[in-house]
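As written, the chains take the letters A, B, C and D, and residue 1 is the first residue of each chain.
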Amino acid sequence: MTERTRTSSGFFVTREAPIHADDPVATPTAPPPDIVRAAYAELVVTDLARSREFYVDVLGMSVTEEDENAVYLRTLEEFIHHNLVIRRGPVAALAALSYRVRTPEDLDRAVAFYTELGCRTERRAEGFTKGIGDSVRVVDPLGFPYEFFYETEHVERLAWRYDLYTPGALVRLDHFNQVTPDVPRAVKHYQDLGFRVTEDIQDEAGTTYAAWMRRKPTVHDTATTGGDGPRLHHVAFATHEKHNILAICDKLGALRLSDRIERGPGRHGVSNAFYLYLRDPDGHRIEIYTQDYYTGDPDNPVVTWDVHDNQRRDWWGTPVVPSWYTEASLVLDLDGNPQPVVSRTDSSELEVTIGADGFSYTRELGDEDLPDWKKGEYKLGHQL
Amino acid sequence: MTERTRTSSGFFVTREAPIHADDPVATPTAPPPDIVRAAYAELVVTDLARSREFYVDVLGMSVTEEDENAVYLRTLEEFIHHNLVIRRGPVAALAALSYRVRTPEDLDRAVAFYTELGCRTERRAEGFTKGIGDSVRVVDPLGFPYEFFYETEHVERLAWRYDLYTPGALVRLDHFNQVTPDVPRAVKHYQDLGFRVTEDIQDEAGTTYAAWMRRKPTVHDTATTGGDGPRLHHVAFATHEKHNILAICDKLGALRLSDRIERGPGRHGVSNAFYLYLRDPDGHRIEIYTQDYYTGDPDNPVVTWDVHDNQRRDWWGTPVVPSWYTEASLVLDLDGNPQPVVSRTDSSELEVTIGADGFSYTRELGDEDLPDWKKGEYKLGHQL
Amino acid sequence: MTERTRTSSGFFVTREAPIHADDPVATPTAPPPDIVRAAYAELVVTDLARSREFYVDVLGMSVTEEDENAVYLRTLEEFIHHNLVIRRGPVAALAALSYRVRTPEDLDRAVAFYTELGCRTERRAEGFTKGIGDSVRVVDPLGFPYEFFYETEHVERLAWRYDLYTPGALVRLDHFNQVTPDVPRAVKHYQDLGFRVTEDIQDEAGTTYAAWMRRKPTVHDTATTGGDGPRLHHVAFATHEKHNILAICDKLGALRLSDRIERGPGRHGVSNAFYLYLRDPDGHRIEIYTQDYYTGDPDNPVVTWDVHDNQRRDWWGTPVVPSWYTEASLVLDLDGNPQPVVSRTDSSELEVTIGADGFSYTRELGDEDLPDWKKGEYKLGHQL
Amino acid sequence: MTERTRTSSGFFVTREAPIHADDPVATPTAPPPDIVRAAYAELVVTDLARSREFYVDVLGMSVTEEDENAVYLRTLEEFIHHNLVIRRGPVAALAALSYRVRTPEDLDRAVAFYTELGCRTERRAEGFTKGIGDSVRVVDPLGFPYEFFYETEHVERLAWRYDLYTPGALVRLDHFNQVTPDVPRAVKHYQDLGFRVTEDIQDEAGTTYAAWMRRKPTVHDTATTGGDGPRLHHVAFATHEKHNILAICDKLGALRLSDRIERGPGRHGVSNAFYLYLRDPDGHRIEIYTQDYYTGDPDNPVVTWDVHDNQRRDWWGTPVVPSWYTEASLVLDLDGNPQPVVSRTDSSELEVTIGADGFSYTRELGDEDLPDWKKGEYKLGHQL
């Protein structure tokens, strides 16, 4: 592991992400497209009306446009046509993670970049979804369906339309999260694509369990979580304040849909954001997220968490429910067929931290500076 | 069960609490003292410095006065001398639950009321704690150490002293919660003492698992939770807003004391309040609580929850950790000896709702008006 | 002035309100009715549809019932039929301030109390508005139309119906505020009716400018503001949190109705509550209010503010707009005719604190303990 | 004016800022340095202890380092050495607005860029302040002291240290705001320096009153406000939530320093952020700011507000206090001498919108789609 500094909060910071890939994807000689930000996800759902009810009536997203096969949705601060598409299909899955690029020419770069990697690419001048123009879709080296576009129809940014706000109003798409068996391999590839690591989770042996990577200056535009993959872990939307997230929980309770809440609300250790995880009617996981920090400096400190630190995933030490580690959405290839899932061979975060063989600490053992009463108490022991 | 109306939120309301005691405490002919509100708790702690750190440095309570044996604490809106006393002692326990009465003469009524019940009573003109004058302490028929007082030293209400506020500022003592084996017996007795039921949890067979009772017009000044008792379940302090409660969690994380968080934060079904449960260094449970509703009308509707309703204890369906049901503080008699604990013989809420034989529903089964996707999904199944 | 203590926040506390009436209303020998709380106001509006739009579409109140002449509205935590009635009429005015009493027999007490005072009283077994039973209406000695009732139709308390909450959700009626020329005379009379003073504004000469009085244990059920009267100053509804009040402002901006905002949002000195004043389409003033403090103790300290303390009306020193002092709603007699308005002869708070002759201080002049830079700066000087 | 679209909120959006400079600064042939973000301001204060009290004890900023001449301060999420320096000096003034650049080589670009413009530049390998390395300072063509640096000492980002948070915790430096006589000239020059316009205020005749410009993807890193200049209008720091800003006001009230509040709190029309303006002991204006929107897309819509729209500066229509328009801090040249102030010759926003000749509307006049009651009411008329 590279030189690192332990913070007063218990985690470590380094100047560069100390992640080494043993089985890297080759780095193309072609430059990557200049990605601005995570822009939208296209989810295939099995019952469009039921999903529309969840995203529109429960979560309060705005409908830009819809037809019998798809609903194009956006949050209140978005000015491009949509930041979520739900499309009717036979199998619940992710159809695309779509990124906005800086110029129309970046599409040519995307084609060259992935072609050199031997990936299947498809370009459509008219776009793959309504409201989006010339676009490139690929199956990336990790098996994920990625899209790149510049052209889009502008719609009204509804940020000032407080008459449309609900107590749990969603304002932005924040990030994606992808499940992949080999996290360092994925990180190395996405670094080649221009992403920078902001935080990660490792253990003393150097196993990397998860990493967060950004283009826009937040903690992430996408993250990779170790597990059987390629699968989609979640898509995250932002609210302005924490009470907005609590209001979503309250509303789900009022609708007797509290079982749509999978995990949280809570405070993340990683990212320092306040969070909530929901499951949509097909089981697609949606995070509601607010208040991470600015990461735009070229030397933004990289945060590394010990996988055994019980506050890494939840700063309050609340245990992560197992389904959050094990369940995820299938992803489609460019023909709409689910990609096969490859098992993770590295250690599982679930296994090393929860259950019979796992352990987590709230405070580091052997920290002799702590008074006795601060030592050696484990929240999990209180709870299970 | 008496006539009741099902609300659109899934629970029931009645005009009077439909609780029948099979083994009631006798109703005295003497009128009860006129209780204004739950005023303070006296907790015995085994390490005074460590407890002081928790209540003052972590929770931000103000010290009115202290000596080598005790610290007298108050929240920001309190004008009486203290609303919590922590006193050094050999065994962690509750020494007294203290209620303010309306007039000095109510102390005479308290003596007569409990004397008629055959309870041991002790009256001290100089009070049992600093800052409190003429007081009566009793061991009540349920085994709890109750205190009544009118005289108290006024101290400055610090409500306007925003320079003293912390992000998790506590403003009022809200209520107590007592564990007792026979809930209907306890309810009947506290009704005799002048309390009114606002909410309860029952099952179809009429077993009562818990009840909430008030003097001041909030959901409760005290509650009884079924379990082995007499024991103290918790003492609750109020914040102004929900983010104050989240801030306490954040701070505990920063201090690497997140294992002091036992349950929550969350939204109660019962009381509709936002909550958090902490454990102090001795394991005394402290609730942080905000935003229940006004109950002062003489015909305030009584809310009855089905014990199997998965949203009764947490409106978001988050499972209750078992320790919350099973652990509680010993209570002392007037000589400072722990009261023996009697086992509950009625059904256990833990057992009927969690684990192998228990069940809970998010939506009522067989509700044919629901679409298919709203039926029969159980959050616990997602999580365990 | 009686013995008083100066607090560290700059105002004074006494054990009893030091208000003396030179021209008191006689104290009846008959006991007053036992008032539980301020329950509802009946406002006459000149355009029912336009007013309905304001209260329902903008403020989000729930309609319990309506017909061509009136709309019966309630907030989310109310279980009695309504806490606001808007009724169509030729002149915008207050028709009644209605209080709930503890028992049906309290109506007999109300009749006896006001009859002894020589006030016109009218009792209707069927009530004066829908949803309310046997009621007494009077023109009280100060000229205000007061109502008392016990019987009411229960409706569902919507507190748990978070699917109905808006970002600015109103949960309770909190209080009324009445403009009257002689504040001490009004205070003395309402004390006879059973109210207790919690706070007041005075000057060194003993002139009382306003007083706050309560039955339920909040800062007030009603207040009297010195001015030409009898007139209604405002009716106040409570939200849970401060952001709810900000959301109402944001929504009014989005609707291009920001000129409905008359004053605030801000923090009151008196009451310590967070506030906002709106004007409805007829100019009736509505306060939105949250987070005052508990006042239920029999010896609750009475707070007295100096009229020249610039933080008494707004803790942040924001100037009060003149219309807030000068404008108010007419009140009706039992025949529906506007009561004549009598001019105030005591000093005007507006004149002694704002404008050419008025002065206010942020810090007390001559406080030699302050560093120089804390002395003698006046916010009004910065602003006008 | 270029093609523009009126939004449903009443302002206009265009694809490019429609600002034309009649008297432009020449565009250098040398490329500008690549600015990452506004990084810190250096303010000269006349009483260092008194200013330290304001920034540290009142606002809660963290001291990274200090000596007898200067205090180096940072907010909780900052990892570079400081984002505010207060330095003792004879005249209260701005010493530098400092921007972080992407690479060390950008300093060479800065020197070339400003040298070509004929501006005085000074480069110091050891930096101008502690904690900052190799730096370039210039007096820019508008007379402002600008600094550029890459090298800095990293300090701990205290974002997770919730034990250090106060209720009004500041987390980031957000932006600067500069007063300049000729706004289009300033905008054109800062566009040459690489800034992009996000919002502006104009009138029908094409006069530009103010413009907001960004490097990082928020509404601004700096803004130019029309007035006598060069002067510093304010430096802005961000909080996480709106209640944090309210807490600062509450604390200032508790400290009897409410006259430090100049304007707000309120909701901006421009930027949609929630705001508060304070004046430090020397009169330097500090804004507290939260929750503007993401602007990082290359075609981010530019918002243009009508100067007569009463909601442009405050979405709730609250009048702007005149001092906010007229008062500002002097700025220093590289020798530490105050720059001469040049009068604005274009129309004054204060004059065209407030007072005898000014007018503002809440709703556009003549909008025949509005019901009568929504027309022609002016908040200022209610208030003054």
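Methods note: a residue touches a chain if its C-beta (ideal position, glycine included) is under 8 Å from a C-beta of that chain, and two chains touch if they have at least 3 such contacts.
Quick caveat, the model's predicted, so the values are computed rather than measured.
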item: Chain whose mean Cα position lies farthest from subunit D; value: B
item: Pair joined by the larger number of C-beta contacts - B-D, B-C; value: B-C
item: Distance from subunit D to subunit B - Cα centre to Cα centre, in angstrom; value: 50
item: Subunit A-subunit B separation of Cα centroids, rounded to whole Å; value: 40
item: Whole-Å gap separating subunit B and subunit C, where each centre is the average of the chain's CA atoms; value: 33
item: Multi-chain contact sites of subunit C, meaning residues that touch two or more partners; value: 9, 160-161, 241-243, 250, 253-254, 269, 315
item: Interface residues, subunit B side, partner subunit C - complex; value: 7-9, 11, 13, 36-37, 77, 79-80, 100, 102-103, 154, 156-157, 159-161, 171-172, 216-217, 240-242, 269, 272, 291, 293-294, 296-301, 315
item: Interfacial residue positions of subunit D with respect to subunit C in the complex; value: 9-10, 47, 50, 241-243, 246, 249-250, 252-254, 256-259, 261-262, 265, 267, 269, 274, 279, 281, 310-311, 315-318, 321-323, 362-363, 371, 373-374, 377-379, 382-384
item: Of all residues in subunit A, those that touch subunit C in their complex; value: 160-167, 169, 241, 243, 247, 250-251, 253-255
